[in-house]
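Take a look at the structure below.
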Amino acid sequence: MRKFRDIYEKIIVGVLFSSSTITSLTVILIIVFLFKEGIGLFNHAVVDDNHVIAISSQNPVKDLTADKLAKIFNQDYATWQELGGTKDSVKILTTSTLMSIYTEEQLGANGENIPSKVNEYVKAHPGAILFMSKSFLPADFAGREIAVDKISLKKFLTGTHWYPTSSPIPQFGIWAIIMGTLMVTLGAILFAIPLGMATAIYLSEIASMRLRNIVKPIVELLAGIPSVVYGFFGLIVVVPLIQKGFNLDVGETILAGSIILGIMALPTIITVAEDALRTTPRALKEASLALGASEWQTLRKVVIPYAKSGISTAIILGIGRAIGETMAVLMVTGNSSNIPTSFLQPARTIPATIAAELGEAPYGGLHFKALFALAVILFLFTIIINLTVEVIKNKARKQSA
Amino acid sequence: MNKNINQKIAFSVFKLLSFAVVAILFVILGFIVVRGIGVVNWEFLTAMPEDGMTKGGIMPAIVGTACLVLGSMIFAFPIGVLSGIYINEYLPENGLKKFLRMMTNNLAGVPSIVFGLFGMALFVNYLKFGDSILAGSLTLGLLALPVVIRLTEEALKSVDDNLRLASYAMGTTKLQTIRRVVLPVAFPNILTGLILSVGRVSGETAPILFTVATYFLPRLPQSIFDQVMALPYHLYVLATSGTQIEASKPMAYGTAFVLVAIVLFINVLASLLRRFLQKKVKMN
Amino acid sequence: MKKITTFIISLVIASQLNAQKLKIKGSDTVLPLTQKEAENYMKATPGASLMVTGGGSGVGISALLNGTTDIAQSSRKLKLDEKVKLQEAGKAFKEVIIAHDAISVIVNPTNKISQLTREQLEGIYTGKFKNWKEVGGDDIKIVVYSRETSSGTYEFFKEHVLNNKNYVSSALLMPATGAIVQSVSQTKGAIGYIGLAYLTPNVKALKVSYDKGKTYVAPSIEAAKNKKYPITRPLYYYFLTKAEAAVKPYVDYVLSPIGQKTVLATGYVPLK
């Protein structure tokens, strides 16, 4: 009987233990999946194995970097001369231009004549540059294939162009998006700190019990409103208000995002900061008051310094809340991938980019992987935030011990 | 004298800013309620969307959200509560406990869009559930897990240690103590936690974007492998898509109203329940 | 009480009608049209069940390729590569044009500009022109609105108006067409592009010239039908030949006079 009970307890403890590992397991799995896909961006060829970029074999130009190729396909060069080549004008040949040059009959019902037509075109135009499926290249192709460099981590982080669907050379520079994310978050926290701290102080030190019992649940309700509702409110109310108020060209700005995110971060900041303020020992406060300090002085010189680490935790957690917010930001910041220089400009954030683009990025493709790489960056931000909070907590614990 | 004036000014500013926070909530709620309440009626709640989603109702979205909430709770509640019990009752203050807490905090800090991405990679693609209620529920469940764990832990922590000691003194085992003494006392707070996490889950959009939500599906789900419409995503669609953006606005206000009403109802329910059960415990 | 009963009964019935399930996936441009057609079709055909999802033309076509959708709706013709892929997989497919769509260029109603050439549009969208006075308007900064990078309309506009050049990076990318209408209607210097179906009185559609300013044509269903308006494109349904029997009743419905009436009513250009 007793043995049976022991085994039973052991099984239960086993079940409890395995449940408690699920969170850790999830965190690890998230890391594995994000990194696995994200890293693919850097190992993956820009032009996939089935496609090819090629120029005529008569074309002397060498060292065509990905950036130069992107510019060529963007028609930034009229002739090859600017790239150190001949005076031949740059002629772009893709499957779609092919279809506009030759009729469907000429190309054959199943495209069987495409290779010979490609060859014909390249021979006739020494300035041709082509991008198409390898299967369209003839066996005796009169051109030279160009190897495109892979995307480097440095280019990914510091690149300023985000044209993920540009063909054939997509550009994945996320600097503008990182800056956008940071600016929106910074604005949100600047908006939320005064409101949040004032409310926390008011609730913990000034308000009567009755008022506190009314205000506190209201603050908690703010946390309950879904982010898409905040976004909807922002789109209909805040954006036009900002546009008129500041007399701007566009209302979808970092400021709009910051205000909405600031509101969304308020409950976190208020709750955590209030808890911290409340932990100040009563004896400490009373000692200060007994020395003749006013309540305000006590608050400033005793309570707030005592709760310092808790208050910083509150602010950092508020930042964490703001940085990862998706739907609300997607709806109000305009999502332009320009590097923002003021709070009154539109900006694109990491979460909004993922939400807007993932649904239409072909599964497993470069764009898909780039979005996972963005998620890795976002994830790293939040891990840093969490670790900072841990460090502050540990420090505070040591100090008080 | 100067001291008092300073104090008065400072305290008034604090008071003013606090009331501003309260005012913000009322502005947002007022906006949604004033514009939305006129749209909501029995038909709106029980009819299918019609006429390019400018008329009719939002029933499939309500049902879809209900399915997702239920599914995520079936997953997150047992695991969350069990894991809370393990961390608080079984683990001594050691490295493992610290580690598990840190992981829980880390998971809580993961942005919801990352959950969406992860859910898509693991459930939809790797495990081949496809876009489905199953995939969406599991994703939302993972998101709710840290909330449930934390609130369970807090609930257990608030149980007086003397109760545990008294129980041990009577010769019961640890498990019996937890089952017969600790859990009944902590139950009200655990329940509140559960309700609050339901509120959190029902309003999330980003995690379901790539795991389950569909633009238009005017029928009710028949299996856990079906896709569904969901309230938050439906609001997003109504607010930004649709050919007649003006004509679908009333529907958007109505949807926002229903969504907010559900979430607020859940929150109020949780706090009422907490008060009620706490009183009961005190009386005992 | 009666209402509740009918509600419950309808739930029960709905859960039992499991007859014909069709999945349609793809272009967001075609989405509102398919949604409306599906809605009407389901009303007219008891037991039919259609599921409509967006995701973009490319997503729909790859779903067709890996068998997760029955119909791929697309706002562009299959790319040659996609065609080859389907052929390689041994999947014969059919293409049906269900309607046409005219892309209208819109500005704020207070803007005094009412017509632009393609070259001017290209200049505006690639960032060469930054102020309306450069194209003959008031001294107001141009605010460029576009769809998200992965949308089919984004690609179409890039190909046919921007001459394949990249959009200016300061362009505001909107996650959905409705959002463009909303923003252009409240932003003075705004310019955007939308499907004809999305046109509302809150925004002004520009006349467009594709012959360097000789003739300007305003977007309309009439002008799109007789090919006078230059920025038009067909909208397609693609499905596998082997699934034709299951798909046909619905596709035929869309092509029927009733279905084409819906096309017109939703703001797209009917075939005849």
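For reference, chains read A, B and C in written order, and residue numbers begin at 1 within each chain.
Please note the rule applied: a contact is a pair of C-beta atoms (placed from the backbone, for glycine too) under 8 Å apart; a residue touches a chain by one contact, two chains touch by 3 or more.
Everything numeric in this text was worked out from a predicted model, so none of it was measured.
Chain A has the Cα centre that lies closest to the mean of all protein Cα atoms in view.
Seen from the C-alpha centroid of subunit C, the farthest chain centroid is that of B.
Averaged C-alpha coordinates put the centre of subunit A at 28 Å from the centre of subunit C. Averaged C-alpha coordinates give centres for subunit A and subunit B that are 24 Å from one another. Inter-chain centre distance (subunit B to subunit C, centres taken as mean C-alpha positions): 36 Å.
Across the assembly, subunit B contributes 239-240 as residues in contact with two or more other chains. The residues of subunit A that reach two or more other chains are 235, 331, 355, 359, 363, listed in rising order. Shown for subunit C are the residues that touch two or more other chains, namely 54, 174-175, 179, 182.
Chain contact summary for the complex, subunit C toward subunit A: residues 54-56, 58-59, 62, 79-81, 83-84, 87, 140-141, 143, 148-151, 154-155, 159, 163-167, 169-175, 179, 182-183, 186-190. In the complex of the two chains, the subunit B residues touching subunit C come out as 42, 46, 49-53, 130-131, 214-220, 222, 227, 237, 239-246, 248. Touching subunit C in their complex are the following residues of subunit A: 50-51, 73-75, 92, 95-96, 98-99, 110-111, 114, 132-133, 135-136, 160-166, 176, 235, 239-240, 243, 249-252, 330-331, 334-338, 346, 348, 355-357, 359-363, 367. Residue ranges on subunit C touching subunit B, taken from their complex, read 3, 7, 11, 14-15, 18, 28, 31-32, 35-36, 38-39, 42, 49, 51-54, 68, 174-179, 181-182, 195, 197-198, 200, 202, 266-267. Interface residues of subunit B, counted against subunit A in their complex, comprise 3-4, 6-7, 10-11, 13-18, 20-22, 24-25, 28, 31-32, 78-80, 82-83, 85-87, 90, 99-100, 102-107, 109-114, 116-118, 120-122, 125-126, 142, 145-146, 149, 173-175, 199-200, 202-206, 209-210, 232-233, 235-236, 239-240, 252, 256, 259-260, 263-264, 266-267, 271.
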